[in-house]
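We call the chains A, B, C, D, E and F, going by the order they appear; numbering starts again at 1 in every chain.
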Amino acid sequence: MTDDHNADADGAMSFIFEAGVLKRAARTGWWFAGVKQPESIADHSFRTALIGLMLAAMEGADPARVSMLCVLHDTQETRITDIPHIAKRYLTATPNTTVTADQVAAGPPAVADLITAAVAEYEAGETLEAIVARDADKLECLVQAVEYRHQGSNNVQRWIDSSRAALKTTSAHRLADAALNGQPLAWLTPAPPPEQPSDTRP
Amino acid sequence: MTDDHNADADGAMSFIFEAGVLKRAARTGWWFAGVKQPESIADHSFRTALIGLMLAAMEGADPARVSMLCVLHDTQETRITDIPHIAKRYLTATPNTTVTADQVAAGPPAVADLITAAVAEYEAGETLEAIVARDADKLECLVQAVEYRHQGSNNVQRWIDSSRAALKTTSAHRLADAALNGQPLAWLTPAPPPEQPSDTRP
Amino acid sequence: MTDDHNADADGAMSFIFEAGVLKRAARTGWWFAGVKQPESIADHSFRTALIGLMLAAMEGADPARVSMLCVLHDTQETRITDIPHIAKRYLTATPNTTVTADQVAAGPPAVADLITAAVAEYEAGETLEAIVARDADKLECLVQAVEYRHQGSNNVQRWIDSSRAALKTTSAHRLADAALNGQPLAWLTPAPPPEQPSDTRP
Amino acid sequence: MTDDHNADADGAMSFIFEAGVLKRAARTGWWFAGVKQPESIADHSFRTALIGLMLAAMEGADPARVSMLCVLHDTQETRITDIPHIAKRYLTATPNTTVTADQVAAGPPAVADLITAAVAEYEAGETLEAIVARDADKLECLVQAVEYRHQGSNNVQRWIDSSRAALKTTSAHRLADAALNGQPLAWLTPAPPPEQPSDTRP
Amino acid sequence: MTDDHNADADGAMSFIFEAGVLKRAARTGWWFAGVKQPESIADHSFRTALIGLMLAAMEGADPARVSMLCVLHDTQETRITDIPHIAKRYLTATPNTTVTADQVAAGPPAVADLITAAVAEYEAGETLEAIVARDADKLECLVQAVEYRHQGSNNVQRWIDSSRAALKTTSAHRLADAALNGQPLAWLTPAPPPEQPSDTRP
Amino acid sequence: MTDDHNADADGAMSFIFEAGVLKRAARTGWWFAGVKQPESIADHSFRTALIGLMLAAMEGADPARVSMLCVLHDTQETRITDIPHIAKRYLTATPNTTVTADQVAAGPPAVADLITAAVAEYEAGETLEAIVARDADKLECLVQAVEYRHQGSNNVQRWIDSSRAALKTTSAHRLADAALNGQPLAWLTPAPPPEQPSDTRP
């Protein structure tokens, strides 16, 4: 139908506009911790995806798929908000897969199928990629908590502890150790060149 | 060596901390447009990845790989800043691939190899996935410009025009049409149910 | 018990600290409208209380009680977030009275009784004071939408319409007319002195 | 006169728009303490009103009236700014009651009478309700200072000391103790159930 | 005295720390106009100084001295706040020269003498340099108002009008014309090369 | 030519609008240090100019000229961004004098000559005024780092160290000592009156 020749693109763009909310929406838990202007949900999702693809390479999972799962993992929060842990006593939420289905319903079927399958995989948490993606989510929260502590917040320990406790893969635990023992500014000071093979030739 | 048993994880975490800068760093072009508190580079990268995977599904590219290319596409900006267009008259930058190589050098080889290959693919811009990822980057900028215009900014047309002019795929052009003709809040008003196949069978 | 001699004050302070979250937490609907740094829930509650006491004076309700109902009307949002309208499709929330009961349980009984009774009255919406307080809540949202429109946001009409539609008292409708026809800066230009009774009597 | 049939509502709305400034205006003292984006005057007024009604219940004052006095206690600051302590060496201000009279002059007489009487009572500081409201103002400042200290600010002690020194009621002192000994996040960890009545042993 | 050998540097640093407040403190008038996060007083002072030295070159005044007068022209606002116009009905302020005298009293005499003389010159408004500096102050406000209008604020006309009305020099009026007729982004589009003397003579 | 009678004022205003970007643009190094909303380049330039004129008085340089050099010292950053130290490994920049020449080319010749000469003097760093202005730039950074540390940032030592190491004048070193040993809020507590001349009356 001529009027509707761009209808599926309109549907896709509707979801893209919707996802723009995540660039403005705060991760609400940090308000509890006293942070006035917390990171956005998009900020968190970005680094989750970056951590996810790195962790995948360390764990032998598919890095590209993990990055996609991570990009999508909080996209439902435009409609159900970033529900903090304490809210779970008071709120009952529809499964994320239902929200996602509504979000992509008006888009091209190929897009809808892709996204609903990825969200379903993440939510089920059974594939190695989903496990790694979920570890990336927790690890990103831990790293952010460490960073806020370096900014002076003295109320972030519970986020560090609960994130750490949820990690499943060995590599995520190794990265968590590195985060807790490391220094956010280490990258500004280039590492010394790798040790040379000792020069003990006669 | 026992002291260094976690050295590659430290190297990986060093890059993760570095990427945290992108959650705070502004997309500098919007300062020109008069926006006081622009989106972060991470905000932009997140939605670029989301658009990228959708566009890949529409164009028959690999959505997961596109999402990974998009997540990585601006990670060099911790070290070279978000260089605005006008700065190109005054600054000469090392290729992004060089910056990336430095960023991941201290991490696990599997991580370093993965990321350097992905950045090289994006920078070369030859594979379908790279083409789609680059369109996603431009399209995200266009959509953000449209959103700022809805917030009152009357100085964003040049970002819309230059982004649009750079688009290469058919689907990106269709999404750009949808963005320019659409309404950011359309998603809050559920679409009417899809037209039923007319039920005139006997 | 000596250790606990200040236990009820600790309980009261626990709720006061909790309410501090409302000074940082954004009214989430404005993120949908494109506002980057929306007002806090506390900001909204403050002016709701101010409008409430004025409206009470116009409607013959008890202004002090209305102001108290308004101060308390969103205090549950520390635990259940500011649930936007669209979220109601996906979330089921415990009644506000239950949340409030938990929030004040550890405080002095006189405080707990006061607050639970006030929240119950507001939630029931039957007394004139509750009706006026609820109108104040809607009217405050309408005025904020008008103010954002004066700042350039062109996406606030739905907040104006839905707020207006919910108003019940005559005075609230008169104030809404004044908001829609008025100018936020009128107060900076002192009104001319009130017209004198025309002095043409013989 | 038909043109003016809504004139008193216009006058009321003029004050409501004026009060909107308090949602944007910062509490200026925190700039001295180094806080970049301090709470708004509205943020402070909201929690002052909440503390006020709680303190009233503890001290046997009228909680509703205290909440109203607190909501109004800084509304003059749209016109005279939030004058920091040091400014008192350099500025002489008209009494708040004069400012208030100007602010409400164009509104309905019932509103003007209500507000001028409440402000006069607060400024006189003689009734129990005014004493409690003024303690709430000081206590809110103390609690905010404690919260900023938990965020890393090491320059807030003078606000704690001067606020504490101004408290008059016993309950306010007890709450101040609770604030200084307590933890802003205590509310996230539910208290253990209250000790059971002792076990009826003989 | 040995303990005090750095006392005058301590006094100078005390004023430097004090001036740091101006980097956080907002120009309060913009809150009236609806701007949520206005420019800082330092932001304004910086561009005032830049405009001042340019205007001086156009008017034949001493650019260096004008820039110094501009840098200092609002430094008293740490102690007396940025008093908006309406506040002048309610507040009486000590002369700025008195405030400045207190601010620099503990610094080196050469510093104190320099600053008190410059402030006195600016406040007297009689030298050409002071006249130009005062025009720069007004012009900067006008330009900022134009910029906010380009961001969507529709309430800035009174700042444009009152600033313009206060301008005294011919060059300031010419710059005001340029601001009102110009486009904030003109600088991003390089001017065409200056017309060449046409070279077609025989 | 009649159409162009205001062309040089348009050119001057074009630079004034361009400099408005510096009121929005962040000092990027602080993002590395973890600061979410850093000071603007204008904020920094303002206090640099204030420090510069004070330092000039202490060192016997021309305070007015130093203040002008400081106001202009970062104005190129609209076009080349605030390039952080690490970026110097990756970026090669045109000299600041070239950028400045482009910025003022369309303005009145008297303005262009003034500004290009001042920037050239600052960049050459040979006159006493340029040396003092450059010390002021470094000292301002050191003081800001101290202030961020008082706000809780524990990652600012490298900015303190590198700024301090670059100082050249004796007075700048004395001020640095005062900053490191001092307290940002000292100015709020008036110094005791200066010691009286010893009481040598008979």
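We take it that contacts are C-beta pairs under 8 Å (C-beta built on N, C-alpha and C of every residue); 3 or more make two chains touch, one makes a residue touch a chain.
For clarity, every value in this text was computed on a predicted model and none was experimentally measured.
Here the chain-to-chain distance from chain D to chain F, counted in touching steps, is 1. By residue number, the contact pairs of D-F overlap by more than half with those of exactly one pair in D-E, A-B or A-D, and this pair is A-D. On superposing C-alpha atoms, the copy chain A sits rotated by 120° relative to chain D, to the nearest 5. Averaging C-alpha coordinates per chain and comparing to chain E, the farthest chain turns out to be A. Distance between chain centres (mean CA atoms), chain A to chain C: 34 Å. Distance between chain centres (mean CA atoms), chain A to chain E: 45 Å. Centre-to-centre spacing of chain C and chain E amounts to 39 Å, using the average Cα coordinate of each chain. Remark: chain C and chain D have CA centroids separated by 16 Å (rounded to whole angstrom). Shown for chain B are the residues in touch with two or more other chains, namely 32, 34-37, 86, 102, 147, 151-153, 183-185.
Chain contacts in this assembly follow no simple pattern; the graph is neither a line, a ring, a star nor complete.
Chains touching one another, given as pairs, are A-B, A-C, A-D, A-F, B-C, B-E, B-F, C-D, C-E, D-E, D-F, E-F.
Those residues of chain D that touch chain C in the complex are listed here as 6, 9-20, 22-23, 39-40, 42-47, 49-51, 53-54, 57-58, 62-65, 67-68, 71-72, 75, 78, 102-103, 105-108, 110-111, 113-115, 143-144, 147, 171, 174-175, 177-179, 181-187, 190-191.
Of all residues in chain E, those touching chain C in their complex are 32-37, 85-86, 151-155, 158.
Taken in their complex, chain E has these residues touching chain B: 37, 147, 150-153, 183-185, 188. Taken in their complex, chain B has these residues touching chain F: 21, 24-26, 28, 31-32, 34-37, 79-84, 86-87, 89-94, 98-99, 102.
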